[in-house]
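Just below is one structure, and these are the notes that go with it.
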Amino acid sequence: MDNSLQYLEIGFYGSAIILILVGLYGALMKKSLIKIVIGLSIIDAGLHLLMISIGYIKNGTAPIFSGEDFVVAGNMVDPVVQALVLTAIVIGFGVTAVALSLVIRLYRHHGTLKIDEIKNLKW
Amino acid sequence: MVGSPVLFIAIPLLAAFIIPLLGMIWKESVRILPGLVLVYLLTLSINLLGYVLDNGPIIEIIAGWTPPWGINLVFSAFSGFLVTLMLFLGLLVWIYSYRFKRNVDFEPAKKYFILLMMLITGSVGIVLTGDIFNQFVFIEIVGISAYALTAFYTGRDSAEASFKYLIMGSLSAGFLLLAIVILYSQLGTLNMADIARNIHTVKPVYKITALIFFIVGLGIEAEMFPLNGWAPDVYSQAPGPVGAAFAGIVVKSGVYAIIRIVYTIFDIEGAFDFLVIIGLITLLFAETAAIKQIRMKRMLAYSSIGQMGLVLVAFGIGTEAGVFAALFLMFNHAIIKSLLFYAGSYLVFNSKEKYINDVSGLGKSMPITSFLFALGAFAIVGLPPFAGFWSKLYFLIAAADSGMIMIIALILIVSIVEIVYYFRVVNKIYFSKKEAHVVPQRPTFNALFSMIVLGLIVIIIGFFPDLITGILHDASRDLMDKTDYINNVLSITH
Amino acid sequence: MKKVIVLLLLAAFGYYLAATFFYIDFGISHFTNGVRDYYLAHTVNGLSVANTVTSIVVSFRGFDTLGEVTVLFLAASALGSILYKRRHKYEERVVLFPSSRIVQAGSKLLFPAIILLGVYVFIHGHLSPGGGFQGGTIIATGFLLMLLAYQDYHVSHNILSIVESMAGILFVTFGLLGFIGGGTFLENFLPVGELGDLFSGGVVPIIYILVGFKVGAELTGVIYTVLNEKDI
Amino acid sequence: MIGAAIYAILSKDILYAVIATGVISLILSGLFYLLQAPDVALTEAAIGVALTTIIFIITIRNTVRFEDEHDKKEHIKTIEK
Amino acid sequence: MEMIHLILIIFLGGAVLTYFAGKVNDILRDALFILSILVPAILFFTNVNPESYIDLSIAGFNMKWGITHFGWIFSLIVLGLGVIVSFYAVSFMKGRDKVGSFYFNFILSIGAMLGILLSQDFVSFFIFWEIMTWSSYLMVVYNGNQVQKIGIKYFVFSAVGAYAMLMAIVITHSITGSFLITDLIAVFPQLSNQMHILIPILFLIGFGVKSAMMPLHVWAPGAYSNTPMAYTSVFSGALSKMGVYGMVLIMITLISHIPEGHWFREVIAWMGAFTAVLGTLWAVAQDDAKKLLAYSSVAQLGYIITGVAIGTELAMLSALFLSILHALFKGTLFMAVGAIEKQTGTSNFTEVSGLIRKMPWTFLASLMAIIALAGIPPLGGFVGKWMLYESLINSNHYILVIMIFFSSTAAFLYCYKFLFGFFLGQEEKEWAHVKEAPALMVVPMIILAAGTFILGAYPGLILSPIDAGMQAIGFEATQGHYWEMSVILNQWGDQVVLQPIVYAIFAIFLFFFLFLFFKSRKNTRYVTTKDISSSGEVPLEHENLTFSQNFFQPFLRAVEPVMRRQIDKYYNEFGRGLEAIFDFGRRIYTGNGQTYAIYVIIFVIILLFFKNNLFG
């Protein structure tokens, strides 16, 4: 597993950033409201991956003390970012749920999901 | 000391969790309990503020872990002043909407009050917390409450406004996370004071990128141009008191966050100039957009954005006088804009499209509301002897002392634009013929009460500005003293 | 046109992101005296909690967790408020797909197992991977399974809301108890016990269990609300 | 994962896009595990794969499945065939 | 409590009380109204000594209140006019609605004007200035006619002026660290050249707007004519003098080290002269008495500005003398128009005529005011104008003399129009029922008109306090030798010689007036004023030149190129251009949430791109 991670070094950051960019593209370009929400959640996924990757330490172990005597392992990955991501995931879910309920409301009100046609409020 | 800053968060949360239970037994409690909570918190914050002004800031640590390991709350003169202001306005919003929601069913009413209380709590939390990730969590609390409150009325285009806000809010959250993770990766800490202490060790590339992401993320909350596209929609579609709460409470917390970042956490001088530039651009675009509005609340919304631009300019001056002026501007804007939103939303209460024209000639049939609106308009354009004048004067003095003569000229020109559109409305109210189809709506007693309280404050501060300047001086001194902040937070022991 | 502009913008944004993050070397710690080491050291000694993530989430940064469950709670409220219609009875649900008897029987069989798993995950949150959030979501998936399999399966809104509220109230109350007992909010005022025991870590497992109940109830509520949203 | 993301964005059929999002979450959860973050992996698996996907699907049920009407007609044709 | 505080509090409290008394009882309200102007006025003149100051500190600003000798002259105008007009206003406002707010604004603006005179620091100066502005603004829009056009125009121009002033004030503060007027004057000579120009210009804009100086005057005609006439007397008589006060106080003291004949003074003097000429020409062209008087006010203020700008002792003396005189006669005239309007319902010359028999006392007052305005001896206007001519000639401004003289002569045209249009000519049946205005309206008019007469007879009465006031702001003391400074005063000696002549001439006037009055009682053939057909020849419309209609057509045609270039037009064009730009700006808010999101990304990219410039 360690070896595989060796050449994935850049891969984690890279794929995280690409996820963010792809999600942004969806949020900025797609006309469908649901697609926009999907885009936003992909951005979130990318961000979470980025955060976890930053906390990773080579050859580290999960930040859980185990074994018989719970010795303090010298090389643990950063638990803080994991805690942050945990929080962020749950928050992200809440936002997604609200967003989707708004999508349902908008569809009821306008009969369409195209963001171009939903601009009664402007200027 | 009579209480702890943590109660500002704990008590409303407790109440928010209790309300659904209590609501099953006693329906009226969902309206009353938030009010009681806000009253309690307001008295608490006034008491604490008095204590803080005498004895220096209160640093409240949480879960027994001292900073930088645990999360801490900072109740200093600066944050305490803002918290008191927010809670006061929040209480008025509650009073205003207590009967306003009579015609609404029980379930939405319950949710309305819970969300409103959490909106206020979240804003208070943003101001109090001393931890950047915790701030992010509170921003999300505010965000979700704000989305839901905006979309409260099902009949209007409110969902559209809310959705725009949500898109922007999600992007904002993303940028905030990026900024937080950059800082964390360099310093290994999330505590503001700790970051501030060690920020000079961070390489400029990370520092600046993090600052940019922070500014963008928080700028969305603070209605910075061009990140404020959501604001007019949200203000105009949200229920009247909620619009006032946005203008008076939520935006204030966004501005606070930016100011904390720029003044305390980072040590980048260019950020101050940047605030001046972006504030000016915000002001220009917002005021010029406001003059062309035909709908009441949108006009107020753009005006509110413009005022926030002015506040940013004032903070960008970077001197203590500038901070003082900015705080005074924030105070006045909170009071006056709430008044305008309250009065304005009653003036267009029965008008379907909420056109400004629909207020024509209402001065006769709604004398008190019209008077209060006119009072607010006079005050916000900075006419003496009302509250708005002093803040404008202090601001101009601070700017002039820093040699920003061209900026003063620009701001005064923009003020004239502001005068034009506010006076146009006042003229319509008092000196135009009434539109036939508009039915005047008598404000409820509660609404009238909160409007009159605000109006009185506008007049009293106008005549006796000394009532507020003392505490503002303390607050601005508190913000300017960065090392003091760091030492206070990091030297706290359990 | 717009597409090209956006793509260019994204390219530029990607460049700046990459330029920032690729210099943060992967797999290496960049700071020397961060909070991480303190957490790793004190989670065992101070709290007797094996799972550092748990100790951070519940104790060191417990305030965030309180905020987080509030976010979920608000999201549930927001959903109810946004999708509110003057129709109090939920009669029919969206039928995502008709489920066969096999699925129904399987679900019935799986449901207790899933719930049990969830409960296990959040009870042992301080010892092993998992905890309140994970356990709560697992419980919610269990309910989701039932809701999907049986169209007439109903979860009482009142019970959900009572569970949710009670868990929340207890969470804050434990925080306030810590405030009274130890001087700070959410302070661990119970004996930390022996590392590795089920009853160790002071308030950490208790709070995580409460979080588990709360998250489970909230997520179930969210899904239930959305599932009952039938318009077309 | 990136392929799934691009598919999720480009697909005209939102249902497929949603499924693709679920796949992203699944892979992500695996990556989290690789990165020694089992807690996060658990959460992501439960929330991202199950709950989020379900909410999206319910939303689609309540609204429309396709990005534009044209595709919807074609889809109906294929079903009728 | 200090007397000054008491006076200001009475004004403020009186305003509020009067407003609320209106909800209870009309008579109580009227009484309170008069009292809340009369009482402070009496207190002021009996208890407040010039040159004694009190210090106070509000909101961290040091303020100084008190009245200078110089300000005292203007306080005469403000309070004198205020008290007299307040009686008139009670009668004028009888039976109208929104009386309460009228009184409120009236009292408040009088109080604010006194406050301006009392404040010796810029903060309180500005505060009172703005209170004066908005209370007068509420008067301008009081009638509800064309509020969006005239009202907004007035307020925007006022705000431009006020903000220019405010800018000058804060720049001053940033240099001197103080708001006291004396500190600015003390420090001013040491400032940089840039500031030497910037500060006076900003102040000049501020005061020029209120005193309706040439390119900034466009608000004046509309605002003056749109205001209830009872207030216009104060508006034109006293409020516009605040601009003059400020101009004298700031300009002359600030640029006192700028020698006489400095280009700065020249520019202002020329602007004043142009204001006078164009104002007169525009006044001639008006058919509405209010508009006519409004433009006339603009023109008269032009004389005053010219006098102030020239800045010699004699010029200043004449300017201040004219200020007071203008308050008297313009107050009278506006009140007269108000009376006519109240009795007939119109203020248009073409509709009303022959009122001399109906409203003799109004006629008498108007006649005297007109004579004073036109500068015919023996009334005060003559003295003032003569002194102005003399000072201009003494300082070698020959072209200005010609311009002023031209304007002064052309003023006869509209003076005549005013008199004839309303009072002379045939009485039309339509106005047969018209009666003289109530005594409460007539008496104030007569008092003011008598004032112009007294000033003509005893110019020394007012010239000596003016002289004292000018000494207080640093002019060389003329020590009572002001007679010697002016040819007219010198040759005609002193009051002893002047008085009999004046009385004689006045007696002749009175006799003539009574003669006319009784003669007109006889029946005469009825011909309408506009009927000038003779020998069966009916004139065409453009030939129909009667005194009240088109009479000055040939003259106007001659000056048409000047008339056509109404400055209004340029301002309107400017405003439209601005609006177009604004409209463009707000298109940024397209209403599409996605576009907003794209803005965010653009913003981020811009920031990241320029990060080294912005934050480096």
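So that you can tell them apart, the chains are marked A, B, C, D and E in the order they are listed, and the count of residues begins at 1 in each.
In the analysis below, contacts are C-beta pairs under 8 Å (C-beta built on N, C-alpha and C of every residue); 3 or more make two chains touch, one makes a residue touch a chain.
This structure is a prediction, so every number in the text was calculated from the model and none was measured.
Enquirer: By the touch rule set out at the top, what is the minimum number of steps from chain C to chain D?
Expert: Minimum number of steps from chain C to chain D: 1.
Enquirer: Hey, which pair has more contacts between C-betas, A-E or C-E?
Expert: Between A-E and C-E, the larger count of C-beta pairs in contact belongs to A-E.
Enquirer: So, comparing each chain's Cα centre against the centre of all protein Cα atoms, which one is closest?
Expert: B
Enquirer: With chain centres set to the mean of the C-alpha atoms, which chain is at the far end from chain D?
Expert: If we average the C-alpha coordinates per chain, E ends up farthest from chain D.
Enquirer: Please identify which chain has its centre, taken as the mean of its CA atoms, farthest from the centre of chain A.
Expert: The most remote chain is E.
Enquirer: Report the inter-centroid distance (CA atoms only) between chain B and chain D in whole Å.
Expert: That pair's centroid distance is 38 Å.
Enquirer: List the centre-to-centre spacing of chain B and chain E in whole Å, with centres computed as mean CA coordinates.
Expert: So the centroids are 44 Å from each other.
Enquirer: With chain centres defined as C-alpha means, what is the inter-centre distance between chain D and chain E in Å?
Expert: Averaging C-alpha atoms per chain gives centres 76 Å apart.
Enquirer: How many Å are there between the centre of chain B and the centre of chain C, using C-alpha atoms for each centre?
Expert: 30
Enquirer: Where in chain A do residues touch two or more of the other chains?
Expert: Counting only residues that touch two or more other chains, chain A contributes 5, 12, 18, 20, 24-25, 27-29, 36, 50, 53-54, 56, 62-64, 76, 80, 82, 84, 86-87, 89-91, 93-95, 97-98, 100, 102-105, 118-121, 123.
Enquirer: Which residues belonging to chain B are in contact with no fewer than two other chains?
Expert: Touching at least two other chains: 133, 137, 140, 144, 147-148, 151, 154, 159-160, 162-164, 167, 171, 178, 184-185, 188, 190, 209, 232-233, 289, 292.
Enquirer: Note the residues in chain D that touch 2 or more other chains, in rising order.
Expert: Residues 37-40, 43, 47, 51, 55, 58-59, 62-63 of chain D touch two or more partner chains.
Enquirer: Pairwise, which chains touch?
Expert: A-B, A-C, A-D, A-E, B-C, B-E, C-D, C-E
Enquirer: Residue numbers of chain A touching chain E in their complex, please.
Expert: Residues of chain A touching chain E: 24, 27-29, 36, 115-116, 118-123.
Enquirer: Spell out the residues on chain E that touch chain B in their complex, using ranges where they run on.
Expert: Interface residues on the chain E side: 58-60, 123, 126-127, 130-131, 133-134, 137, 141-144, 147-148, 151-152, 155-156, 159-160, 163-164, 166-167, 170-171, 173-174, 579, 581-583, 585-586, 588-591, 593-597, 599-600, 602-604, 607-608, 611-612, 614-616.
Enquirer: Name, in rising order, each residue of chain A that touches chain B in their complex.
Expert: Residue list for chain A touching chain B: 20, 27, 33, 36, 40, 43-44, 47, 50-51, 54, 80-81, 84, 87-88, 91, 94-95, 98-99, 102-103, 105-106, 109-110, 118-121, 123.
Enquirer: Which chain C residues qualify as touching chain A in the complex?
Expert: Residues in contact with chain A: 2-3, 6-7, 10, 13-14, 17-18, 21-22, 24, 26-29, 34-36, 39-41, 43-44, 50-53, 56-57, 61, 64-65, 67-68, 71-72, 74-75, 78-79, 82-83, 128-129, 133, 195-196, 215, 219, 222, 226, 229, 231.
Enquirer: Within the complex, which stretch of chain E touches chain A?
Expert: The contact residues of chain E facing chain A are 586-587, 589-594, 597-598, 601.
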